[in-house]
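Chain IDs A, B, C, D, E and F follow the sequence of writing; residue 1 opens each chain.
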Amino acid sequence: MPTKPLSRFPVPTLEALPEDVRERILAVQEKAGFVPNVFLVLAHRPQEFRAFFAYHDALMEKEQGLSRAEREMIVVATSAANQCQYCVVAHGALLRIYSKRPLLADQVAINYRQAELSTRERGMLEFALKVAGAAEELDQGDFSALHQLGFEDEEIWDIGAIAAFFALSNRMAGLTQMWANPEFYLLGRVPRESSAGAVERKE
Amino acid sequence: MPTKPLSRFPVPTLEALPEDVRERILAVQEKAGFVPNVFLVLAHRPQEFRAFFAYHDALMEKEQGLSRAEREMIVVATSAANQCQYCVVAHGALLRIYSKRPLLADQVAINYRQAELSTRERGMLEFALKVAGAAEELDQGDFSALHQLGFEDEEIWDIGAIAAFFALSNRMAGLTQMWANPEFYLLGRVPRESSAGAVERKE
Amino acid sequence: MPTKPLSRFPVPTLEALPEDVRERILAVQEKAGFVPNVFLVLAHRPQEFRAFFAYHDALMEKEQGLSRAEREMIVVATSAANQCQYCVVAHGALLRIYSKRPLLADQVAINYRQAELSTRERGMLEFALKVAGAAEELDQGDFSALHQLGFEDEEIWDIGAIAAFFALSNRMAGLTQMWANPEFYLLGRVPRESSAGAVERKE
Amino acid sequence: MPTKPLSRFPVPTLEALPEDVRERILAVQEKAGFVPNVFLVLAHRPQEFRAFFAYHDALMEKEQGLSRAEREMIVVATSAANQCQYCVVAHGALLRIYSKRPLLADQVAINYRQAELSTRERGMLEFALKVAGAAEELDQGDFSALHQLGFEDEEIWDIGAIAAFFALSNRMAGLTQMWANPEFYLLGRVPRESSAGAVERKE
Amino acid sequence: MPTKPLSRFPVPTLEALPEDVRERILAVQEKAGFVPNVFLVLAHRPQEFRAFFAYHDALMEKEQGLSRAEREMIVVATSAANQCQYCVVAHGALLRIYSKRPLLADQVAINYRQAELSTRERGMLEFALKVAGAAEELDQGDFSALHQLGFEDEEIWDIGAIAAFFALSNRMAGLTQMWANPEFYLLGRVPRESSAGAVERKE
Amino acid sequence: MPTKPLSRFPVPTLEALPEDVRERILAVQEKAGFVPNVFLVLAHRPQEFRAFFAYHDALMEKEQGLSRAEREMIVVATSAANQCQYCVVAHGALLRIYSKRPLLADQVAINYRQAELSTRERGMLEFALKVAGAAEELDQGDFSALHQLGFEDEEIWDIGAIAAFFALSNRMAGLTQMWANPEFYLLGRVPRESSAGAVERKE
């Protein structure tokens, strides 16, 4: 793997990057102990990099509404539907960490219908997968179903917007042939692992 | 139509918006003569609004590489595949204006294979539609095909990134049930119309 | 476009045509001001031409039941699902003219679910699209749904038969690589245009 | 079966029919020994009936070009793809009779790729199935493939037009819930059966 | 056909087979009057042959629960969905024989929705086809629907297991390019035929 | 999870099982340290249990030809396409153990095209996935492709037969709602783990 290129496109050296982009990457590295490949691959285009992570943070690091685990669950489910290796592996790690349910990410990635989910979680993923795969068919019934499960409109926007953002993200991973850092595969698999802090800002 | 809500979610008044968001919207209005609905609908979330348009501008207003018409062509083709009314109508108008080919947008939206396109344009759209619909199957052959048509890697990134960004955009339109302003439908249909300047910054 | 052939197959000159076929074409030309390409392309086979237009007229020029606008709406929706350029553009023009709703054809072609339709119109198109795409799954529930919207059996036959006839028509357009006359693109787009009479017998 | 209605719509009595329609039906009955249901079901709309059978005869009873067996083979293959009981059973009988290959119809209906076909026949069905299922993707390569197998343009029109006509026919059968006369199931199954003459004009 | 190989893989002579495999084949031949090709094709791998037929017999020759005709109906419907010539033809013959309904097999193979079935039979096939085509989406509603039709859990296991077993069987037929013996095509077509005994153990 | 039933159907106690079935289960337990759920769920039908595992062992424990890792890779890839939780998780563990490549199973399950595979492995999975998803379209070209990669016919049978067997297995898991034992999730993830012996006979 070390010899497999990170991207189909050029990957800049840290020194060649604009100050703000480099600092963001160094901050991630300090917290997580490694640099998730998405940062290096997208840094090829600093302007798009900034917009991508600004959008990402607005959706994934929001304090109100959905929990961090719920947000990651949406990412894993929709990225699995899109067969996106980077996102399923990296966000699968985050899902394990935030949910403290070490089997959950694999279950959601393989088939959310057979995963150990609450009714609320299942309804949330059903909506997210419709946004990912058939947003043109969304109708009032889809919103009513979520309202009945207790979701408020702002949470529904979040579910939909996360699914929409990772529709973009999954396609960028496919375009660049991005692959997931080996470190992600094991994170959060052993329940007593208390490494959640360490990856707090990891993509 | 005036009574149909702009969005399934609240639409802020201009006064209630942060300064920078309001100014962006007023600037668009001055240039185009009306406010494209996407600005009002997404303004519900100013942080996401900023990231969305920063990303949009980075991809769609870039000077080098693909022409403006080529960029809009990608938007129309992939948004049609996603059955996104707002994007097909609004970017169809921009495609007519930038390409000065008044029949092109409808042809591309209905079936790009039957549109009057050059070999280069057809290859570009084929790649864009694969990113939109099956990015998980992209392989070296897809890149070679574009290289043979004379595309450079930076242009290929643009094709893919535009298709990816509108994968997001189309889904946000579906989520919010955004609809296209009536003004867009006629723009650029009469060839001698010299209104390209007026919509220069319209989304 | 003038140099692009009208068809993958030979297109006869008017002089070479049987009397009745030529007269039909001249009559259309006199009313519409141009000859829609479908007449020239199908005239290659006079016997099939006669059956095609006899079938077409029986379904599209019927006085009772569905309105002309409703009939054209079915054509646009199902032809869009089949990505048929000729039929979407030509019948989109007729839909604009008969409905006097200049935005309707584009909306129906892109995504009828997001078009400004009455409940009756939406139900009609849902049925038509099932005939177009999955007639083998039609069941009593589909008929009951239309009955509840106020459709009578003879109208349901019409909806289904129009969808079925354009299943044929769309495939002939694909086979022959028929393209839509430029004149169709603008017809009916400006509401005050009172040209409905002129195209009364246009295909 | 005798109590199952022939159609979801009214079926006229012979006496109630226009002279020409009744005569056509009586002629079929005399030749075949029974009235294929399609005649009775479509007679509900005499004008459409006339156009339907005029079109049918123009394509299926043509002397030049494709053989009768080849024409029926196209009907069986495309009607099977559309899961149309009436057409697969009725035209399967005709295929057995005209081809004198009693196993062929079932093989083509189940999976033409595993049927005992010549290279020419296989190529013909591949094209017909593309017209039936994805006419919007037809391109020059599809025509070249048939040219290489020795097909001339007029024969290609026939292949495509038959597939297109039965796209209509299959949908009318689905709409009306037409079912195949029991007589068809056994016809042509025993090779020495010399009943071809008897069904010459059967639909 | 005599010259078309039975399989893409070697087909053993009877003498070369292990005793138990040869005896099974000879017993079938004695009862049916011919050796169904599946026995010869799978005999290439005696160990898999034994497991295959042990599984087959456990599901298809069970005395309790579903009738023999119901079991064969599941095979025909799911094998038709998988376009498996061998299984549709061979088990179609068995379905005709066990059900004494000579038109049923063709109807089920073409489109079970248009076949002459009881509500119970239709519900059974709907479940079987979901197991065949989308087992990952099975949910409690699918089981409730069968319970309401009077099926007990052991019968539901049978329906599902038969659909699952023929998912295997159909794929082995595709892999080996197995074709159906000509004898199967006519069996059971003439109602008065009392040959059920003769094929009792035919696969 | 402990309270979630193992199956939608009754699960027998060990004491209630026939001698041979119980012994097989106890042997597995002794080697692996736990009883994989598939043994308990399928033991509900001892006769089918015996055939299932006889078939399984014939394909998965064969000494010649494909390596154990290659066989498990086929299971993981095709079971992921079928969204089968039990098989992806359980055989993913076996794949990690036999291949000693701890990241491989997740990569193959998410998208084999992006997994770190040799050309031979990729070709093998492409064929296996065609057997799993479109066996009716297998043709000589698919076999030639494998021959060119160095596969012999007996190995191709194995690839196809494993894909076919797990088409059955995945559907039985869906039918019974079988879920994977928690023990499987971690097995083989830490490279230095030398537990391969312990799971030698685990399903």
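The definition used in the following text is that contacts are C-beta pairs under 8 Å (C-beta built on N, C-alpha and C of every residue); 3 or more make two chains touch, one makes a residue touch a chain.
This one's a predicted model, so the numbers in the text were calculated from it and none came from an experiment.
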{"item": "Interface sides of subunit C and subunit D: same vs different residues, half threshold", "value": "same"}
{"item": "Cα superposition of subunit E on its sequence copy subunit F - rotation in ° rounded to nearest 5", "value": "180"}
{"item": "Where subunit B and subunit F are represented by their mean Cα positions, the distance between them in whole Å", "value": "46"}
{"item": "Centre-of-Cα separation between subunit F and subunit C, whole angstrom", "value": "53"}
{"item": "Set of subunit E residues in contact with two or more other chains", "value": "83-84, 111, 113-114, 136, 177"}
{"item": "Residues of subunit F that touch subunit D when the two form their complex", "value": "136-137, 139"}
{"item": "Interfacial residue positions of subunit C with respect to subunit A in the complex", "value": "111, 113-114"}
{"item": "Sites on subunit A touched by subunit B in the complex", "value": "8-9, 44-45, 47-48, 50-52, 54-55, 58-59, 82-84, 131-132, 135-136, 138, 143, 153, 157, 160-161, 163-165, 167-175, 177"}
{"item": "Touching residues on subunit A, where the partner in the complex is subunit F", "value": "1, 4, 80, 83-85, 88-89, 102-103, 106-107, 109-111, 113-116, 177, 179, 182, 185-186, 189-190"}
